[in-house]
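Chain IDs A, B, C and D follow the sequence of writing; residue 1 opens each chain.
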Amino acid sequence: MADKKDKREELMDIDISDPGHAYENRQEIYYNDNVGGRAVFVDSKEQYDPDEPYNDQVYIPEKDRDKAPILEVKGLGIDFGGLTAVDNFNLTLGRTEIGGLIGPNGAGKTTIFNMLTKVYEPTRGEIFFDGKSTKGMNTVDINKAGMARTFQNIRLFDKLTVEENIKVALHHTTNYGLIDGMLHTPKYRHEEFRIRKEAMKYLKIFGMTKTADYRAGSLPYGAQRRLEIMRALATKPKLLLLDEPAAGMNPSETTELMDTIREIRDRFQIGIFLIEHDMSLVMGICEGIVVLNYGRVIAKGWPEDIQSNPKVIEAYLGKSRGKMEEEEKKEDIEDALKKGKLESAPSGKPDRKEGE
Amino acid sequence: MKKNWKKAVVVAVSCMMVFMLAACGGGGGSSDAGDNVLKLGCTGPLTGPAAIYGNAVKNGGQIAVDEINAANADGVQVAWQVEDDEADGEKAVNAYNKLMDDGMQVFVGSVTSGACVAVAEKTNADRVFELTPSASQAAVTEGKDNVFQLCFRDPDQGTISADYIMENFPDAKVGVIYNNASDYSAGIFDGFKKEFEAKGKEIVAVEAFADDANTDFQAQLNSMKNAGADFVFLPNYYTPVSNILVQADKMGYAPTFFGCDGVDGILTLEGFDTSLAEGVYLLTPFTASAEDEKTQNFVKAYMDAYGEEPNQFAADAYDCVYACYNAFKETGLETSASAADICEAMVAQFTGGFSYEGLTAANAMKWQATGEVDKMPAVYVIEGGKYVEK
Amino acid sequence: MIFLTNLISGLSLGSVYAIIALGYTMVYGISKMLNFAHGDVIMIGGYMSFIMTMYMGLNGWLALLVAMVICTILGITIERLAYRPLRGTGSLAVLITAIGVSYFLQNIALLIWGANPKMFTSLFNGMKPIHAMDGQLTITPESIFTILANIIIMILLTLFVSKTKAGKAMRAVSEDNGAAQLMGINVNQSISLTFAIGSGLAAVAGVLMLSAYPVLMPTTGAMPGIKAFTAAVFGGIGSIPGAMIGGLILGIIEIFSRAYISTELSDAIVFACLIIVLLVKPTGLLGKKISEKV
Amino acid sequence: MAERILKNIRIGGLKNAVKGNDYRKEATISYCILIGGYILLQILTAAGLVGHNLQGQFVPICVYISLAVSLNLVVGISGELSLGHAGFMAVGAFSGILMSRILLQSMSFEPAILIISMLFGALMASVAGFIIGIPILGLRGDYLAIVTLAFGEIIRNFMNVLYFGFVDGKLRFAFNHTIEGIEDTDRIITGAIGATGTKTMASFTWGLLLCLFTVFIVLNLKNSKQGRAIMSIRDNRIAGESIGLDVRKYKLMAFVVSAALAGMAGCLFGLNYSTLVPVKFNFNTSVLVLVFVVLGGVGNIWGGIIAATLLTILPETFRQFADYRMLTYAIVLILVMIGTYNPAIKSRMNALFAKFKPKKKKDDGKVKKKKSGKEEA
């Protein structure tokens, strides 16, 4: 009995201030508005050179200087049965950077995520993740290489508990075989206890220890979103892709989420790339933003640039309006882009393409 | 909410469990027809694809039981209980156990071979006398001193058929279509093939099928035709045989067909055009059109009771009931004797020269110690819609 | 010539499978359930037609009509009593219920008509088979009519589904049940109609099948039911032309493997072909590719 | 540096949440049912209260329980519909019988023979499961179901042409027809006639051990890394891939383990009867096991145990209905399915039960979370 009690205490007594990796660099990179260019969105048509990873003007945190950018995408494109959904998409994302991808509904944002994670195989272009081409990899390999994602429509393991959802994500670091699993050997017990502790750590960081035993599918919406992010993080990624993390959240939840995302980047020292319609969130935390419309990049840059970019406003407004109306709207949209969120605008193609 | 529901199930289930235990338990006899009653039991397929055989046995046995009970109002009466086994070994054992619970003394079953082998193991262990009307596999009696058969063994039928064909149709080019998923059919074919090859003759074509119900036989028949077979041996029940005859007629292929006892009954198949069966040979110990008085009486009683002509299975069951009854009377035991006592006495009877003249043999049947029956089948040919003995 | 004969009997057998498979595929398309009782509706159709001709003295074609009506009513009743209470509870519960219905139909047939098989009188009894090439090639009227019936049913059904209001409603329901309801389509009616058509076709299939292979028993429908289900999956379950192509190919494979490979293993070969097809095309020959939204 | 710990989730937000699966409770209930049932029946048998009929069903009931539990691994835990479970049972049964006959030539210690035969049956069945599993894993839903059905039929068809037996003490096998020069008593498997002359070794105790073993393996697997991965893929395949789960590997794992357990159960079944025909393992048997699983609640281990027991006994208790036996069974099956799954009846029953338990808080299950979430936005 005593042993059990100890274990329970050990479980609850987790030191989450443990910085993990290079936590101390946090301040340096946080809100880094070092002028002269950033790691993000270097429009790199030219070949990436591993000896000289970033262009001189880019500010790079000390620890990342001799490493490749976490993600480099060149000329990415995909066709669905003759229809070009995304074309010539280029991107470079730094190791600890928060990048944003915005655009009207149907612009091809989620398609880009799906190509990055190899849910779809790109028709053209190359993706370098952590300096390596992802050609020939599948979704599973991509995750093993260190890219994790969340989904627009939450995809949890509904019938498993919150704790189990995270344990599943710890799968690759859980070290026992089928026989151990079937017979519950000492090795199994030891490893299970270890990953349970680790799962509790994530839950504690995200303030969800109370939910551990509940079914994921029965949680409130906000908690489900959090859990999905936690699950992605538990696979120990180097890059986290978030697909509309604030969808369906109220303003206060969104603010909370912004804190969460920053916290994740700082604590785990990873890159984050997110799709979002909520402009307050995007403008508030992204260090670089790329705007997509009809599958093509129409603008790139810092939040300030994007806010005043006429192309972006047009994309959200549409072309076929009268001039007066347009001016009126333009103000609205500018306003929206600056302040709050812009759910969606009249837009083009549907978000999903049927395969073949 | 869900949990409550599950609890409801648990409660309901436990109630049912108790009920079932009560229903299954006890083991007391249920049929009390009188004091001086010999309880015969049988298992056979009363439902499922083989239901026709089980029901025939049930009805045929019932005719015999009714006759005996009517004739011996004051003497030994017979009770007849048939349980469904769906022609399945597992269900047959269950059914047999149910009969045991109900106080069965002599087991007249099972109807199908596969089920019977499984049950014979149990009767041997429980020491219950067993006489099967129709389970024709050799394995039924193998190594069991208490199990006897009233029908031919499958391979023997094959052997006798082969001998008959070789003797009477020496120049025939013989082909075979058999059901390789049926133990009966495969068993006969086995014996047939062995005998044929032992005599140095060749079967020109062998084709199989797997389903007794509706099969397209054109491929098999074409193969026969191409091999030049002018004589086709059909060790099957009459259902597929009727199908083969219809399809052969349609494609204009008319060899001589030769069937075994399973073909009996084809003429009374409802809706069957009997002209198609014209000239078909069959080797069988019983036909409903036989003209002896016993058969005629049996057929009439059966027709009156069930509105259809009895087949071979019904006659076998009729004979079984009588054979058991006669043998029991000769043992001189009381009906209050235990199944084991009856078993020993009956085995002694059956191995000790007991003989019985029934519907299904021209001679008086006698049994060997191996459980096999000695009887001679006759070969019939269908002419003018009737079985004519050859 | 043997090849041609085999081809024709394969087509004829395949046509029977195809007509049964149509019932499977339509019901699957609209209610996403595997209706394992479908084969037994065929058997009931066969018995009805048999009784009408043998006992009521009806003409074969008239008997077919009566059997169709009865099976249609039966189909609607089964749907109403056994399947509708379980709609929306997942396909497994309905699957098991369908199996229960199948047992029910078989056993009720056993009780009413007994275990003895009946020989079905062919619908085309008066007609003579065509012999050609010095008797080497034989074409039975059953083959011709079965193949013809298959083609006609196929055309009518395609027209019905694409041109009529009721047919379009059926398609809408099978695409998206909920959306169809919002559009004012009576989903219950559409599903009942599907069952009615499927069961009516089952009666036709039963009579055609029994004309060619005349043994009628309570379990007559079981194996053709499974084969037709295989055919429906072969062609892509939910697709009407798929059911026809699947049925025909299945029939031809079955006859050819019997004629040229092995009569013992013909069923195994049929099923092995199914597996190979599904490996190459995971949703059958004409099945819609399932794409999940990510 | 101040810690930016996120605000804890509000307790109020969890009022509609449902607790997850309690593995310990599930295991306790399952083992209690099995062992309790065994002890109860043994006592009743000793007291002479159990008839032959029920006694004869002890082993088959245990076999069906194992089959239901092992099929639950595929249907409930892996979420795939399998219609070919009887095929694995057949492989296990026939290979186990074969092994027992071979061992009987040199050994006489029955428990050892039984265990080795069962392990051999499990091995052969898992090989079959592996071979079958590889091609089908790319398939989904009902397409997978039809392929398992097809494989079940292929296995049965294949058994019909398979012959095994001893010739002069040496094991021989053949396809089609018969083995040259074989004596009747030396036949082991004879095509459609099946296995004959099997020495029966199974007993209720062995049946219980089999059940316990099966439940042990399945429950342990469920609460392990592998089981979680299998369930994750069932709940959401795409999300599973996105966190690096190899979908094929885990589906295959579930399939093979399930096949092996079915093979073991099949072997015990085979060794309970002196004869066994391949027809036994047809589509109907696969469906029968599926009925146990569905009726017991998909994924619910002890529900499957109870359902298997009841539905095995039920047709036997219906013998009093004579000719109407199977008809009654069919009607009961339909009614029970409607009664268990129909939403209206279900909620009425729940309401009824709520009356008896006024103190317990009613939780209305999963209220549409997502909708309410969107409304908030």
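Here, contacts are C-beta pairs under 8 Å (C-beta built on N, C-alpha and C of every residue); 3 or more make two chains touch, one makes a residue touch a chain.
Computed from a predicted structure; not experimentally measured.
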From subunit B, the most remote chain by mean C-alpha position: A
Middle chain, criterion being Cα centroid separation: D
For subunit A paired with subunit D, centre-to-centre distance based on mean C-alpha positions, whole Å: 42
Rounded Å distance, subunit B centre to subunit C centre (Cα mean): 35
Gap in Å, rounded to a whole number, between the CA centres of subunit D and subunit C: 31
Where subunit D touches two or more other chains, by residue: 157, 160-161, 238, 323, 326, 340
For subunit C, residues that touch 2 or more chains besides their own: 106-107, 110, 264, 267, 294
Residue list for subunit B, restricted to those that touch at least two other chains: 46-47, 180, 210
Of subunit D, residues touching subunit C in the complex: 75, 81, 135-136, 138-143, 145-147, 149-151, 153-154, 157-158, 160-161, 176, 237-238, 283, 287, 290-291, 294-295, 298, 323-324, 326-327, 329-331, 333-334, 337-338, 340-345
Contacting residues of subunit B [partner subunit D, same complex]: 1-2, 4-10, 13, 16-17, 20-21, 23-27, 46-47, 83-84, 88-91, 93-98, 100-101, 113-114, 117-118, 120-122, 137-139, 142-143, 179-183, 185-187, 189-190, 193-194, 206, 210
Footprint of subunit A on subunit D - complex, ascending: 1, 3-9, 11, 13-14, 16-21, 217, 220-221, 224-229, 231-232, 234-236, 238-247, 253, 257, 366, 369-370, 372-374, 376-377
Complex interface listing, subunit D residues touching subunit B: 44, 48-57, 60, 157, 160-161, 177-178, 184-185, 190-194, 196-197, 200, 269, 273-280, 297, 303, 306, 309-310, 313-317, 319, 323, 325-326, 340, 346, 349-350, 353-354, 357, 362-365
Contacting residues of subunit C [partner subunit B, same complex]: 2, 5-6, 9, 13, 50, 54, 106-107, 110, 114-121, 129, 131, 135, 138, 140, 142, 209-210, 212-220, 222-224, 254-255, 258-259, 263-264, 266-267
